[in-house]
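In what comes next, chain A is part of two complexes: it sits with chain B in the first one and with chain C in the second one.
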Partner chain A sequence: MNIVAVTACPAGVAHTYMAKKGLEKAAKKLGHKIKVETQGSMGIENEIKVKDLEKADLVIFAVDTKVEKANRFDDKTIHEVPVAAAVKNATKVIEDATAKL
Partner chain B sequence: MWKEAKKHLMTGVSYMIPIVVAGGILLSLGVIIGDDTSMGEQLVNYGVWTLGLMVPVIAGYISYSIADRPGIAVGLASGVFAAELGTGYIGGILVGFFAGWITNQLKKIPMHPNIAVIKPIMVIPVLGIGASAIFMWLISIPLAPAMTGLENWLNSLDGNNLLILGFIIGAMMAFDMGGPVNKIALAFCYATLAEGIYAPMAACWIGIMAAPLGLSLATLLFPKKFSKSEKGNAIPAALMGSLGITEGAIPYAVATPLKVIPVITIGSGIGGGLALMLGAESPIPAAIGIWGLPFVNGPFMLLIGLLVAVAIIAITVGFLRKESDVDDSEDAELSF
Partner chain C sequence: MNNSELINESLIALNVRAKTKDEALKKVANIAFNAGRVKSAKNYLDGLMERENTSTTGFGGGIAIPHAKIDEVLKPTITVIKLKEAVEWKAMDDKPVQLLIALAIPTKQEGTLHLKLLAKLSENLMEEEFTDSLLSANTENEIYQTITSIFE
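Moving on to the complex of A and B:
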């Protein structure tokens, strides 16, 4: 399955990137492809582009703050969790998200 | 509802943090050089001007989080009202929510397509800022005296009261290692900082640094009680801790939450309380970790509080953990 995800936390220096790592590891373990965009204190990095979205089956938001340019994802199935959930147990986040489809 | 509100508040805080760090450091550099010198005086001025953006920015970006782009102008202006009317940070947060809400209502006004263009450049800013001005004026009637009262009360705290204040802040900062509880305590410390009350921020420093430092020290003191990946994580965690990032403690809390979270909460609380009781104060935000130590008032007192907290955490976690807690087979999913 092709997944795209956005991570963001208030300070934007640690949780954002830990959640990205967690999601990438968990996706690999479960055999999914994932691209994770971070919205930290440096702004948007590894941005999810239109061509990524065309392929994406599912969107995960692991965020404690507002998602920038959220309208990109309007017609997709979105699974939203606090950023801490993806840090602690990203596998469960992905499993819950795929169960939504 | 609460979840959404928290998200808006956190968005505002995240845009405000860099401003407070920059302003706080300029200000304290000026104080160190001495504000009777022209260089020092200038630095103090620039620091104060930068910090003046704090309340407008938190209001502006709460409003942005709620109402997107049109919310920024309404929120920023409302934040200036909040600051000018003496309601400070709390007023800024409240009016930020109002500004976002009113902007969303104004977006819904039906308009003929030919004149729809004036909606974002005329209708929303003018009516939005006007409505926020009235709202701000109304809430400032009870809020401004309340803020002055809070300020006087915080300034009058001494001895045991400071100990309790420091304990609560230190404990909240450590409790969820950078999560929402931590950010609520941080927001409170920013609020007092904006009013020129510097003690709470000193406890905040300790709450941020003690947990990652204490836990990495524990891996050195009790190597048999930690897994390979936890020991490998000790140096990154200590570095993150010294830079003011509590999140370095998370991998340890994930492995054995009940043997870590209560300890870091209480340990950081004791350290924070102790430092405040000894008279430590921090006029700059706790975002640059140990490197900000030269800029605080009573750096030695702060260091004592920090060391006590680190020692309590390292030793207690070391005793609570058993060698059977070590699980090298399932290496924790988290490492840096």
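Moving on to the complex of A and C:
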């Protein structure tokens, strides 16, 4: 499965990047491809582009803040969780999201 | 700033005694203040507590990453404290916390190198090999080497 995800937290320094790593590790373990965009204190990095969205089967937001450029995802069903969920147990986040498809 | 400026051995303390989370955070603030990294220990402590009240920074496995982004930070800083005895933290896995990896981030940024390094540190905290070596370290130098090795 192709997954795209956005992570963001208020300070944009710690949890944004922990959640990114958590999701990447969990996706690998579960046999999915994932691209994680971080919206942290350095702005948007690894930005999800139209071509990424075209092939995406699943969109995950692991965020405690408003997602920037959220209109990119208007046509998609978004599975949204608090950023902490992806830090604590990203495998569960992905499993829950895929179960809903 | 080079890689090592975020942390040095005077910002690492082992066998620290604290009975509560607040006491542990106070130790962090004092260490950062005494090392000349923040203008005010109280402001840093307030920032840490405020962040902690928003949501826990105890991410499991006995480790927490308390952090504050405030004006009074003179230099971006990592302070590491290993407590003699773990304290209750309301962590994500409900386990008490023994190791604190605390960040002080200035509101006004001069460049993004320190943010990149802190992001790298955060990502590494999701790797068991990295956290295990921090948890098993017995000297300030071991912790210093473990953390700075990921910045190379």
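Please note the rule applied: the second predicted complex is superposed on the first by the 101 of 101 C-alpha atoms of A that agree within 3 Å, B and C clash if a C-alpha of one lies under 4 Å from a C-alpha of the other, contacts with A are read in each partner's own complex, and residues count from 1 in each chain.
One rule holds for everything that comes next: contacts are C-beta pairs under 8 Å (C-beta built on N, C-alpha and C of every residue); 3 or more make two chains touch, one makes a residue touch a chain.
The structure presented is a predicted model; accordingly, all values stated were derived computationally and were not measured.
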Joint occupancy of chain A by chain B and chain C, clash or fit: clash
First (chain B), second (chain C), both or neither touched by A:K66: first
Partner chain(s) touched by A:A26 [first = chain B, second = chain C, both, neither]: first
Partner chain in contact with A:M42 - chain B first, chain C second, else both or neither: second
Partner chain(s) touched by A:M18 [first = chain B, second = chain C, both, neither]: both
Clash with chain C, by chain B stretch, listed 76-84, 94-102, 130-138 or 256-264: 256-264
Where chain A meets both chain C and chain B, residue numbers: 10-11, 13-15, 18, 21-22, 25, 41, 64, 82, 84, 87-88
Complex contact set, residues of chain A against chain C: 10-11, 13-18, 20-22, 25, 38, 40-42, 64, 82, 84, 87-88
Touching residues (chain side chain B, partner chain A) in the complex: 6-8, 10-11, 13-14, 17-18, 64-65, 176, 178-180, 183, 240, 245, 247-248, 250, 254, 287, 333-334, 336
Residues of chain A touching chain B in the complex: 9-15, 18, 21-22, 25-26, 41, 63-66, 82, 84, 87-91
Residue ranges of chain C in contact with chain A within the complex: 51, 54-57, 59-60, 65, 67-69, 92-93, 103, 105, 109, 112, 115-116, 118-120, 122-127
